[in-house]
Structure formats: C-alpha cells, structure tokens
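Take a look at the structures listed below.
Two complexes, one shared chain (chain A), two partners (chain B, chain C).
Up next is the complex of A and B:
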C-alpha cells in the first residue's frame, strides 16, 4: 500500500482531536461542557473495553455493569482508606479482572449463547449482593470522602488520558497476533483451535482486559460522583441498564472496529448526559429511535456509514479483486462471521 | 480398528461414504474424544488432547468442507497458523514472510491481500492446505483437498503433497478420487462402517476382493458375471 496523504491524514486525525480536547478547558471555561465531556469519556472507555470481548472476539456480554460497579466500589473503598487515586484505579482494574475470571471460567467452556445469558444472571446477583452487604452501606449507597479541593478539570484530564490509553490498547489488540486470534475465534473457534489457538484461554484474557478497563471507567465515575448508588434504577452502577448502555456504544459506533466504540461513545455520552437533562420525559424514546435507525439502516454502525460516504466520494483508483484488508478494522467489520 | 502410519509416507484412507474417514481424522486431530482406544504419536499417548495442543505437537488438519476465516485476508489466515503453530516466530515481520512463503508454495501469493471469502472453492482448498502447512506440522491430515478441483488443479495439488512428503512430513490423506489416491499414496487403508477392511500398497488394494465388494456390492445372479 502506497503512503498517501489520505493515509497520513487518517493517522494524524486522532492526535489532532486529542490535542483539541487537551487545550479545550483553557480556551473555553464552560464547566457544564466539561462535565458532559468527562461523562462521555467514561462511557467511551467502557464501550471500547466491551468491544474487545464483544466486538473482536464476538462474545456478547450483557453484564459489564458488574465490572463497572465493582471498579467503582473498589476505588471508593481505597480512596476512603486514604489511598492515592491512581492506586485506587489500579485496584479497580485488578478486582474487575478477578471478577471477569469468575464469570468466564465456567461460561466460556460452553458454546452458543450461554455466556451472554450467564452475564445477565451475574449482573442481577451482584446487584442484589451489593445492595445487602453492610461494609459498603448496602442499599443506601456509599459515599466517598476525598480530602482536598474538587477540581473538575483534573477529572476531565484524567479521563481523557485513560481514554487515549484505552484506544491505544484497543488498537494494539486489534493489530497484534492476539487480536488476530480473537478475530479468528469470532469467526470459527474450531478452525482456530486446529491452527493452534486455544479459544478458551484467549476468550478469558480478552474478557479480563475488557473487565479491567471497564473497572477503571467505574473508578473514574466513582471518584467524580462522590456517591455510589447500587440500585437497579437509572444511575445505579450495578443496574442492568448500565450494562446495556455500555453494550450499545460499539453497536451504535461499529462493532468489532477500533474507532466504532469511540464514535459510539460520543453519541451515547451525549444522549445519556445531555438528552436526559434536555428532554427528561422522552430521552429514552429518542435513544430507542436512534438505535432502531442505526440497526436497520447501517448494522455496521457509524463507522460503516462513514465508510459508505467515503466510497461515494472516491469511486476511482480502487484496484480490482474484491474487498481489501484495511477495511476490516478501520472500516466495515463485515459481520457475516458473527457468532453470539 | 488399529493401524500405524509410518513416517515420511503418504497414507491414503479410502472407503464408501459414511465409512468413518472424516471421523477418524476428527478423533486424531482432537476434535472428538474417542470413547475407547488410544492414539500414539511416536510412542507418546495423545488420546483426547485439545486440538490446539496437538498443533503444538505437530499435528494439523484440513477440513473437508472448507472453513476459512472469511473476514480475514488470505495472508492473515495463514499468519494465524504461523503465529500459533509448532514453532515460535521471531516477530510480526518474519511471520508475515513465512506466511507469504507458504502461500507461494500453494500458488496463492497473488491473492494474499484478498479476504478469504473472495476466493473460489479451489483456492479455498489451497488455503486450507496452506494453513495446515504453516503450522509447521510434520503430520498432516488432509481431508479431500482435491474435491471440486479440475484435473490440472488436482495434478498440482498432488505434486504439492509429494513435495511436502519429500521435505520430511508424514501425510494422512482422505480422497474420493481413486486415480488421485492411487497415484500419490505409498500405502492405503480401506475403511467401511468404521472397520478396517484392508491395507496395503495401492496395487494390492485395487485387487482386493473385500474392497471391491464394499465399493461395488456383492455379485448377484442378475448383475454378476455370466448373467
């Protein structure tokens, strides 16, 4: 492939966007905007994480609220114990990872939709347990006391850096031999096994990485929000709806692609944080409508849509010979090999 | 049923439909666990081991019904096998080179960057062989790799099999095309209803009464000689 201006542009764009977000708080001191962006970053991190197991590996999970919530509570406990917030983030990642093995060890042995179904049950179980254990205040929630002034911009930068890290991890996974194995497992796990890939182990590790990242997202949420709600209602960290919102991010943006969850995260973040305030009575309706439109018109999400547009603009110089490689990850994921 | 496969030979397995040839391959490659009996590789028991473990020990198979990773490119399909095969590879670059080398062995080097789903059936069969080869296996289980190929393609595939053997690998080969099997195999085992019917050199098999009976049926008064 020849290095072209377009190709360099593609690589430079993420850095330009990152730079823009880095200088934004200095240019525009709009605290409400910063709040919405912070929340969007947190959602996006979780969406990127979900995409590693759900998108690349094709193991759909409805239970990411478990890792989000456990990460949030772990960070909260550690911060209240006087630990450094960064240490708390690491702790959140670790606990979420441990939890991912507990879910994955039995369920990845099974074929078919059992993993997906099990994740629903685990979410409910963990929510009920966390609403009843006393050391985190049970159903009345948990409050975080951190000494020092509250600086919103600090949270914003923290989330932005971790988001950049999440994108880097996602890209690293996608283009490594590990990611190649994950994509093979998604398409045909038996054929992958006959080429030396142990699907069980790879699923476990993909799940663990995803859980750790989601745990950090939960930790960011916890440190910012100060109060954690374990209920099943909206805003509850262990709520089923939280897991669904995370899952929708890559679905809207483009499942199994590096940039899909980033775009999807922007949409879901805005919908969750802005629609909820702007149109409190009908925000779920708007959400649903948006989802239906995307699933019906472009199953490959926003990335698929962008790709279609790009195709319209340049109908030239496409050398013949069928679909080419770089479209698979950057562009359309082509879901025909999907296995739930 | 019991048999041995000598090293550095092409051992054909033939038999009528449903004789158990593919099942045999599935058991050896670890896809199915046998309910009884044992499989040994150079004297070491490998019964019931996971397919991925067996690949690391040097056993690779192709699938009768091709199973390419359709949304990976041709070279990615092969690179996967290089990465997770028998030998450790130094890095992405050398894995890519090795994959390209195997692809040119089977004649797919010009289609390396296509998605596997874009290949014709013949090319997908080649890809099956390329992936198995790329694992670095020294025991290859090739299941009907010539099915659906025309006669020139079949010829080049058979040449390839012989080259692989000459490089030191052992091949177990299932095929329905008798001409192909007879021309390429060093030894043939005939299966019927999961039982071993006969084994021997190709010309011995051709003249074996039990084999002829299994394929053509018992001679009867109406259809037999003299009717």
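Up next is the complex of A and C:
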C-alpha cells in the first residue's frame, strides 16, 4: 500500500467507526449492549477531558470526581427544576468550569507533587460536604424525576455526539498553538515561561476545558442513571475511585495522545460495565494488575503498543510523530520517569 | 467552658498523635529516599490489621505482641515488593506519575486479595482491655489507647535512633539531603532504597495493626488513614522526620478541637482535615520544618 493511501485510511478510520456506532442501534436492538456502549462513551469523555490537563499539560489530578459529581448534581437539579436536559448539560459544564477555577486558582501556584496531593484533599473535602448538604438530600443521595418516556437510544446518541465533540476538542487542543503551549509547559515550565507562555493562565484554561467536559460526562451519567450516590463507595459520583477510573483511561490508552484516551475508554468502559458485573470479586485485581503491567512494561499505553506493532510491519524506520518522537527528543517516554 | 472541658480532647489528641506519627513515618522514609508517594501504604496498613486479627483469632496472641510481630514480617514483605516491582521503576529525583500509578495498582491488588480472603465485612478486635479506662482526676483515658500510644511512640523513637546512629540511617539522611553527592560518597542507593522500602512497609503494617485495636476494619481500611498520612507528611515538610511528629500532633489537635468550632456540624470534620491539607500546601509548601528553616536563616 502507498503511504499516502495509508494516511488517508488513518484519517478516515475515526469517521468510519463513528458511522458504525451511528447505525448500530438500527442494526442490533440489544438493550444491554447499548447500555454498555453508553457508559463507555461517558467514561471516554471524562478520560479525554483528563488527558487535556493531565496528558498534554502534565498536571496530574486525582480530583476529577469533583467535576464529574458537580456536573451530575447540577444537571439533576436543573432537570428536576423542569429545565430542558440540554440546558442542564450546559449548566453542568458551566458549574464544573467554575469549580475548576476555584480549585485551580490556588492549586496551580503549586508545583511538583503538591498539585497532585492537593487534588486528593479537594476531592475528599468536596465529597464530605456533598454528603452533608441538605438541598441535595445529603448522604441518602438524589433522585431525578424526568417526565416523558425513557428512550435509551436518545441517551446513546447524546453520549455519542458529545464524545465526537470531545475528540474534536481534544484534537483541536493538541494541534493548535494553545496545545503547543501546554506541551511546552509540560516539558519545561520555566523554559516555556521564558518564551512568553504564561504557565499559570494556560494551566487554568486547560483545566477549565477539561472540567467542563467532565461535568457534561457527569450530567450524562446523571440523566441516564436517575439516582445519584454521593458516597465514597463504588458508584459514588464524588468517590475517589471515580477520579481514579477517569485517570486510568488515558494511562491505559496512552497518556498525552489524542487517541489514547479513546482506546483506554473502551477498555475501562468494558471492564467497569461488563467485567464488574461478570466477575465482581476480582475487578479491582484486574485494574491493579493492568496498571502494574502498563507502568512497568508499556508506559505509552495501548497507543505505544500499537506504534510498536506498526514498527514491526513497517519497512521504513523513520518516525513520524507519535509517542516515540517524544522519546527521541527528551530521552524518555510520556509516562516513564515523568515528573509530576 | 472551663479549662477542664478542653483537657479531655487535649489528652485524646496527644494519644492520637502518637499513632498518627507511627503511621506516617514509614511514608516519609519511602518518600525521602525514593521520592515515591506510596499509595500502597493504605494497603499495607490494612494487611497489618488483618495480620494481627488472624494471630489473635487463631492463636489468641496478645494483639500488641502481634503488632510487634508485624514489624519484621512486613519488613520482609516490603523488601520483596521492592525487589519484585519497585526497583524496575525509572529513577528520578522527583515524584513520577509512574511510581504513583504503580503503588496505586499494587494497593488495588492488595485490597482485592483481602476481599477474596476476608470478604467485605467490618471486623474488630475485642480484648478485655478494650473497655477498661484509667481515671486521672477529671480525665478518663481508655487503656487500649494508652497502650497503643506507648507502642507507637516507642517504635518511632527506636526508628529515630536507628536513623541517627546507624550506618543505614546515615545513608538514608544523605540520600534525602543530596542523592548525587551521596552516591559519589559511596552510598549504595539501591540497597538503601530496598531497606527503606522494607522499613516503610514495616511501619505501615505495624501502625495498621495498632489501629485495628482502636477501630473496626474492612479491606478498604487504610483509605482515610492514607489521606491523614498525606496531611501529616505535608505538614511536616515531606522529608523531615521530626516534622512528622509535629504534623501528627497538629492534625490530631485540629481533628479533636474542630468540634468546638461554632456553627459547623461534626460531620464536616473530615472536610476540615482535607481543607487543612490544601491550605497548608498553599501557605507552607515546605511544611512546618520549612517554616522553621526560614526563620533560622533570617536570624
């Protein structure tokens, strides 16, 4: 195959996959499959969002459950107040964005491991507060009452469209000057600052975009699941575990790449929604083992693995971008040995 | 309110600070030498709790004795974990994402193993001393808390002596101060790292075993204590051993006295703890030790 044809094929592949997902509910009317896919889309959106701040900008956050939960609760409150669900999604994005500034304004003054540790504190504090405030029912959770019939396909298409949007935003960020600035901050914050990039402002905006997307993911989750659980246990929207599942998506797929979180989202979605149901007693073990294997054997995640496989089949050795290019430039891969 | 009303929470804060110091110091050793934020600390603490539980249930071993037995067992366990997993991590003088994720993954594995063995139910250890108290004037002290406090403080002091007097301790302190210079001076960093991981794990297991005497536990046992350890070592300045003791005392005092803040419900108390973490990070990123250092430099 000519390389140009290969390149066109690569460009067309996402659209083909998107088309396939668009017509899928018409071809196969399998409720459970649609449910799993819906949940996978929601996880993937959150994972893509995390990758914008954690992958491109290199600011690892354990606190994305905050935005996920706030988005979910905002949408729930708005829907219960009789608003249009799409307006509720926008509201969720707005509130999550606001929260991102509240979290980011103080914590982005910190460098090194401190930002990551601070986000852990923020998550737990927000969870405790949300389990105690009265207007959302406190620890007993919150129920959404939406009038009209429940149409699963509507939820499915909603999530699919927002997912496509999220991928588009992620690609836009990755290939724009904005994204270039983010990468510069990740590689060397001081050097970036010397070249006229304001690290503080750029981090804040990247965080805000990520939070807004995560908030929408939370809103999708809320509208579909009807009941919101603020507890710290599995399934709780503010749980530390939720933030971790979001973080795992880009890590599994390939951190700092556009398609990594998409692949990772597929894996995490299937594990969360299918594996957890089938083998509830060992799904933590699976996650843990997967993490250990990725960290020690393939720090570039699935994308790195694919690149490695592609290299085996390719005759010409030159590297055209991708995770390995970072390695050539910086002597280390995206995850491996990267400072927080 | 009179002074006596504040005496009770003060005493319990001091007793709590002892066990807090013991549970955090292992984390400081590991962070200082390897710059690894050990998320698996919670898993080791949970294993320590079940370790002493099993010894108590099966062989009716005194839990305090069981806890001391946890020290060597978890020391070996930690060295094994280091040899098996941690040593393959890329070396760095800053915390890395991969080290965080590796330890988190290992925590998940430990949690799941515990779930498979002991199921997801709360357990606790009851001994005759669990409900007995000592009265000292207006203050009542639960006996078990006093014993735990003494055991914890003794262990921390012994560790301090080891770190100050032994060759290993000198290597640890050298690596914390300047890893490059330490290596040039002939410190075997791999060996020291392996021993330090063992020491850190031993203290996690020991602290978990002691905490099992005070609280009920499940496979998710370590999580709140992991977060408290974070707060403590951040308060202490991440790499300072004496800072840990101060951090533990500050956190215990804040926890005990936050119930006196008017208008704040007691159920918000954990939020205050985690809020404290964020505030300290912002105001004193080098912790209390950093503050003292600055003062000295000015003087």
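Here is the rule we go by: the second predicted complex is superposed on the first by the 315 of 340 C-alpha atoms of A that agree within 3 Å, B and C clash if a C-alpha of one lies under 4 Å from a C-alpha of the other, contacts with A are read in each partner's own complex, and residues count from 1 in each chain.
Basically, contacts are C-beta pairs under 8 Å (C-beta built on N, C-alpha and C of every residue); 3 or more make two chains touch, one makes a residue touch a chain.
Model, not experiment: these values are computed from the prediction.
Counted by residues of chain A touched, the larger count belongs to C, out of chain B and chain C.
By the touch criterion stated above, A:143 is placed in contact with neither chain B nor chain C.
Legend: residue contacts after superposition of the two complexes on their common chain; A:288 is shown touching chain C, with no touch to chain B. In the overlay built on the shared chain, the residue A:311 is in contact with neither chain B nor chain C.
Applying the stated contact rule after C-alpha superposition, one finds that A:180 touches chain B and leaves chain C untouched. Within the superposed three-chain model, A:10 lies out of touch with both chain B and chain C [touch as defined at top]. In the superposed pair of complexes, A:129 makes contact with chain C only, with no contact to chain B. In the superposed model, A:188 makes contact with chain B only, not with chain C.
Looking at the shared chain after the overlay, A:196 reaches chain B, while chain C stays out of its contact range. On chain A, the patch touched by chain B and the patch touched by chain C overlap at residues 336-337. Those residues of chain B whose C-beta lies close enough to touch chain A in the complex are 29-31, 50-53, 55-56, 60-61, 63, 67-73, 76, 79-81, 83-86, 92, 95, 111, 113-115, 117-118, 131, 135.
Chain C meets chain A in the complex at residues 37, 85, 88-92, 94-98, 100-102, 104-113, 115-116, 223, 227, 230-231, 234, 265, 267-268, 270-271, 274-275, 277-278, 281-282, 285. Against chain C, the residues of chain A that register as touching in their complex are 60, 106-107, 109-110, 112-114, 116-118, 120-122, 124-125, 128-129, 131-132, 232, 240, 244, 251, 255, 281-285, 287-292, 294-296, 299, 332, 335-340. Contacts from chain A toward chain B in the complex involve residues 177, 180-181, 183-184, 187-188, 190-199, 321-325, 328, 333-334, 336-337.
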